[in-house]
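Alright, structures below, take your time with them.
Two complexes come next, and they have one chain in common, chain A, joined by chain B in the first and chain C in the second.
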Partner chain A sequence: MSVVINQPVNTLPVLTYRWLKLNELKLSEPIGIPIKPYSKQFVANLDAVKQMIEIDTGPPAAEIQVLGAGVSSQLTRLSQTSANTGIQIIVPPNTVVEQPLEIAYRLDADDCSVIDNNLIIAEADSQITLIFDYSSAPDAAVVHNGLTQIVAKSGSVVNIVKIQRMQDQAVHFDAVMAEIEPHARVNLIQAELGGKLAVTNYVTNLHQAADTKINSLYFGDQDRVIDVSYLMNHIGRHSTSQLTARGVLKDRARKAFKGTLDFKKGASRAEGSEHEYVLLLDPTVKSDSVPLLLCGEEDVKGEHAASCGKFDPDQLFYLMSRGFDKIQATKLIVEAVFSPVIGEIPNDKLQTVISEVIQRRLAGE
Partner chain B sequence: MRKKTQVADVNRSLYDIKDKFEYSFKTDGLNEDVIREISAQKNEPDWMLEFRLKSLGIYHKLDVPPWGPDISGLDIDNIITYVKPKTDLNVTWDDVPEDIKNTFVRLGIPQAEHKYLAGVGAQYDSEVVYHSVQENFRKQGVIYLDMDTAVKEYEDLVRKHFMKCVPPSDHKFAALHGAVWSGGSFVYVPAGIKVEIPLQSYFRSNAPGAGQFEHTLIIVEEGASLHFIEGCSAPKYSVNNLHAGCVELYVKEGAFLRYSTIENWSKNMYNLNTKRAIVEKNGTIEWISGSFGSKVSMLYPMSILKGEGARSDYTGITFAGEDQVLDTGTKVVHAAPYTTSNINAKSISKSGGVSVYRGVVRVLPNAHHVKSSISCESLMLDSDSRSDTIPVLDINNDEVDIGHEAKIGRISDEVIFYLMSRGISEEEARAMIVRGFAEPIAKELPLEYAVEMNNLIRLELEGTIG
Partner chain C sequence: MAERFLVIKDLHVNVEDSPILKGLNLEVGRGEVHVIMGPNGAGKSTLANVLLGHPKYEVTAGTIEFEGKLLNDLKPDERAKLGLFLSFQYPEEIPGVTMENFLRMAKIAQTGESISITKFNRILREKMDLLAMKPEYASRYVNDGFSGGEKKKSEILQMLVLEPKLAVLDETDSGLDVDAVRVVAQGVKQYRSSENAIVIITHHSRILEYIQPDYVHFLIDGRIAKSGGPELIAEIEQSGFAALQSQSGRA
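Right after this comes the complex of A and B.
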């Protein structure tokens, strides 16, 4: 059995000119997602953490209200109704789980689809870190569609790391939704490195003094299409958000960045910032950015900044004068761009894996 | 408790003067017969009638954009699309009928002309009624005519450019404009001529329910330069008004054009204006845009930088008060290498007003060494208002240097506190900050427009003190 995905994805919260074709991403062709069980073990260190938290592998039995459409309402619904994997976690009050929980999916010819549905509830003043790592076997046409819902209760901290390093034939859809209650924090670290099509969507509701930090990197080369969307709904007073996205585009890669700060009426003293840095390596790339700032409250501070261009020729010249060839120099500069994000990943092995993927691709291997 | 800045509504009674409404011809509804009638009344060449009919066909095919402000209050079929006032073209001020003249006198147009202006193309209702060009410009070969006359007298020149920059297929209201346009200004500046004094067109609509569809066509030839000033002010009526004008600017190689506007429509106007410039090699377009009036505005002056080294500067301020939705911004297409754009947009929202910056900078694949800098700043004066920023960067080349910044916020307590510690009263401190916010725009405006803006800020001052 399989379902066919045909609806447009990542629709902007507020529409703009149609001729830009950026209000939503239309799929170039319908995508079939086979629905069958996922066969592999996917929680790497279950034993280490299961004493401390309530954890169930498999999609959650009960549905909680979604905060938005996600990547598309069709895909969100798919994860809710037909997930073939997922986890359910409740972190008890005041429990601090030091060791990150590692969830790794490897897609291949046998496990050609992962439809995961995850629910993470962090009770008051608890703390947890989860790492999701999606990879695939070479030449396997695979699809991942994920939905991760987070409820961060008062004073809790939830760190989510999402790494997508699938191969060139893979398709990746991923939605993360976080309800962040007073004084709670949700941090997202995201690395989009692979797949022929990668579409991600992050939406948060920030209540009083809630905070979210997003550190995101994307690397697009060859014919990859990347569409990343972030929506911060500032609902509560003193809520804060910081989004930093760093990207490198090469070859014929196409990227759309959609970041929205939405200050709702009543969110006084809220502060939000959004920064995007894009490094362009080839004239054939396409880089679209739509940083929206929506505001219905007077007493807020919101800012966004985006910069986009080639790297500084002086930098390159300096490095080359020191004996590096152009590829080596490029590698160094790209590493410098990404290191603030990669350095945040709480797993040395994954840090190395990501660096290697990027270095290899830059060398055109 | 922190004090809020109180800003009084702008007193626009000066602009809400209406004269007894008289017209010699009007039509309701929109069909082929109406278009034929309009064209026949104007005694136009056949190609223009055909153009109108073609546009009407497109109008009926296109839908209203699904994005942007709500314009469902508009019922185009019940709008008097064309109103011809009881006067024909006038060469001298003395010939202008008294009641029409009174309106202009109250707007200060003749005085401004003596002091400052090269010519006046003033539109009363849908027809140009008054027009004068200084003699020396005529000698230089500068053509400044109302659009209706230009169609007949400079037929080839008009035909070559008319709605080539903004085709009727662009959007529904461009198509409407193509079908029913009437009046407007035509300016032709020959190669190498520098027009030293700004040309001004001050027009206003006056008939209840009348649509204004004026067309402005400006051609600045190689190495020439011009500053054109457009101002709008309309009396208040209970019927919803529609303004769907079109401005087409052709800036040729090495030419310079500054296009300044204060849109100050009455608060029941739907202002759906389309403005666009095509800029050739090393040419410069400068847009100075102030949006204050109207119920709903959708206004995004667009620059197509077609030749190498072309440049576009946009400086805009939007002030949205009660019951206003002002959706403004700019669009830039970098279609050639070494092109530059600068965008500086500011907005103020108060008393439930909604201001939106909506824009795009698009760099086409062949356009290398492009530089673009975009800055959007919004000031919210209360929490009943809204301020949205909807920019798009669409980059299709790597050899670019693009920077974008946007900020939103209120008047900072720290700054107020600092100024107060220096002996300045709180009211004055707030006023200073608002003035400072608008200053970069005000200084770019010509005198009488800057006066109008200062007037707004002065009123704000009064509101703060009161």
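Right after this comes the complex of A and C.
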């Protein structure tokens, strides 16, 4: 059995001028997602953490209400009804899980679809870190569609790292939804490095003095299409959010970045910021950014800055005149863009893996 | 000249299809310091850039040889590895890359030998001391937010660390105050040896109060119009380039 995805994805919460063509991403062709079991082990270090938390592998038994549409209502629905994998976690109150839980999916010709539905409930004053790593075998046409719901209860800290480094034939859809209760924090690190199409969506409800920090990194080369969307619903007083996105685009890659700060009535003294920096390595790339600021409350601070840099021939010449060949010089510049985000990833091995993926791409391998 | 170190013969260079260098000849021997002076737009920076192989500068005729090797078709990094260095008139900024990382990696790229961070940083601090640069510059991003003078010092620091065989300084003394010129000159003197050579492109005679050149050339309208010893500096101080310019215009 297989489901056909045809709805547009990442529709903006408030529509902008239609001629900008940024309100949503229309799929260039319908995408079929096979529904069949996923066969591999996917939690690397279950034993290390299972004493401390309640954990089940597989999709949740009951549906919990979603905060938004996700990547699209069709895709969110798919994860709710037809997930073939997932994890369910409850971190008991005051429990601090130091070691990151590593969840790795490897897609290939046999396991050609991952539809995961994850639920993480962090009870009051608990802490946990989860690393999701999606990779695929070369030349395998595979699809990932994910839904990760987080409930961070008061005073808890949830760190989520999502790394997508699939091969050129892969499609990646991923939705993360976080309900962040008073004084709780959710930190998201996201690295989009592969796939022919990568669409991600993060939506969060921030209650009183809740905080979310997002570090997003994307590298688009060849004909990759990247569409990333973030919606911060500031509901409570003193809630804060900081979004930092850093990207590099090369060849004919296309990227749309959508970041919305929605200050609801009553969210007085809330503060949100969005910063995006993108380095354009070739004039043939396309880079769109849509920052939105919605204010239902006056006593708030919202800030947005988007900038883009070009790697111009004079800069390249400067580096080469110091002895770096063209690939080394480009790599130096690209790593400079990414290093603040890569440095945040709580796993040395993955940091190296990411650097290597980027290096291979730049070398055209 | 005792040895063929740098030999430029009948060099013609176009920038965006217009001829800038029009048959330039220059020889620099090992151990020598040459000064090139000339009016704005004469082609001095063009010469500097073409020596390191900037792709925008098209060599339409002539040859550049360094230690017997033809440079014309070599990439900038290949020339750097042969021992050429350019102190840029307008150094680029490289945000996100610290000076110490940049220089250590450049050193490794050029020599092909690895060097430990501790050992490298010790050498770097020594050279920075010499140039009266505060230690914190090592952890700042390359030229990022540096003042004009700091950028020029950073270029000389790079020269001292990379230890090239031939250094071309393109107006490294421009825009510096008296103290900074002295410090930069000290750096250059420290580098000067019988094993390497320096080509100083300058508008001012001030740096030449510290560094005694062996040869002085006037570059006018894409050619070396006149060459001689240090006595030429006094000549240009007195009468400027106008006289030479009108001569070359007639030629």
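Definition applied: the second predicted complex is superposed on the first by the 357 of 365 C-alpha atoms of A that agree within 3 Å, B and C clash if a C-alpha of one lies under 4 Å from a C-alpha of the other, contacts with A are read in each partner's own complex, and residues count from 1 in each chain.
Operating definition for what follows: a contact is a pair of C-beta atoms (placed from the backbone, for glycine too) under 8 Å apart; a residue touches a chain by one contact, two chains touch by 3 or more.
Since we're looking at a predicted model, the values are computed, not measured.
Engineer: In the overlaid three-chain picture, which partner chain does A:332 touch, first (chain B) or second (chain C), both, or neither?
Structural biologist: In the superposition, A:332 touches chain C alone.
Engineer: Can A:43 be said to touch chain B (first), chain C (second), both, or neither?
Structural biologist: Neither partner.
Engineer: Of chain B and chain C, which one touches more residues of chain A?
Structural biologist: Ranking chain B and chain C by residues of chain A touched puts B first.
Engineer: Tell me which partner A:23 touches in the superposition: chain B (first), chain C (second), both or neither.
Structural biologist: first
Engineer: Given the touch rule stated above, what does A:281 touch, chain B (first), chain C (second), both, or neither?
Structural biologist: first
Engineer: Counting only touches as set out at the top, which of chain B and chain C does A:319 meet: first, second, both, neither?
Structural biologist: After superposition on chain A, A:319 lies in contact with chain C alone.
Engineer: For A:265, using the defined touch cut-off, is the partner it touches chain B, chain C, both, or neither? Pick first, second, both or neither.
Structural biologist: first
Engineer: Does any part of chain A touch chain B in one structure and chain C in the other, and if so which residues?
Structural biologist: 309
Engineer: Residues of chain A touching chain B in their complex?
Structural biologist: Interface residues on chain A, with respect to chain B: 14-18, 20, 22-23, 249, 263, 265-266, 268, 278, 280-310.
Engineer: Provide the residue numbers of chain C that touch chain A in the complex, in ascending order.
Structural biologist: Touching chain A from chain C are residues 49, 52-56, 75-77, 79-81, 84-86, 88, 91-92, 94-97, 102, 105-107, 109-110, 141, 158, 162.
Engineer: Spell out the residues on chain B that touch chain A in their complex, using ranges where they run on.
Structural biologist: Touch list, chain B to chain A: 4, 65-68, 331, 358, 360, 362, 365, 368, 376, 378, 380-383, 385-410.
Engineer: Show which residues of chain A lie in contact with chain C when the two form their complex.
Structural biologist: Within the complex, chain A contacts chain C at residues 309, 313-315, 317-326, 328-329, 332-333, 335-337, 339-340.
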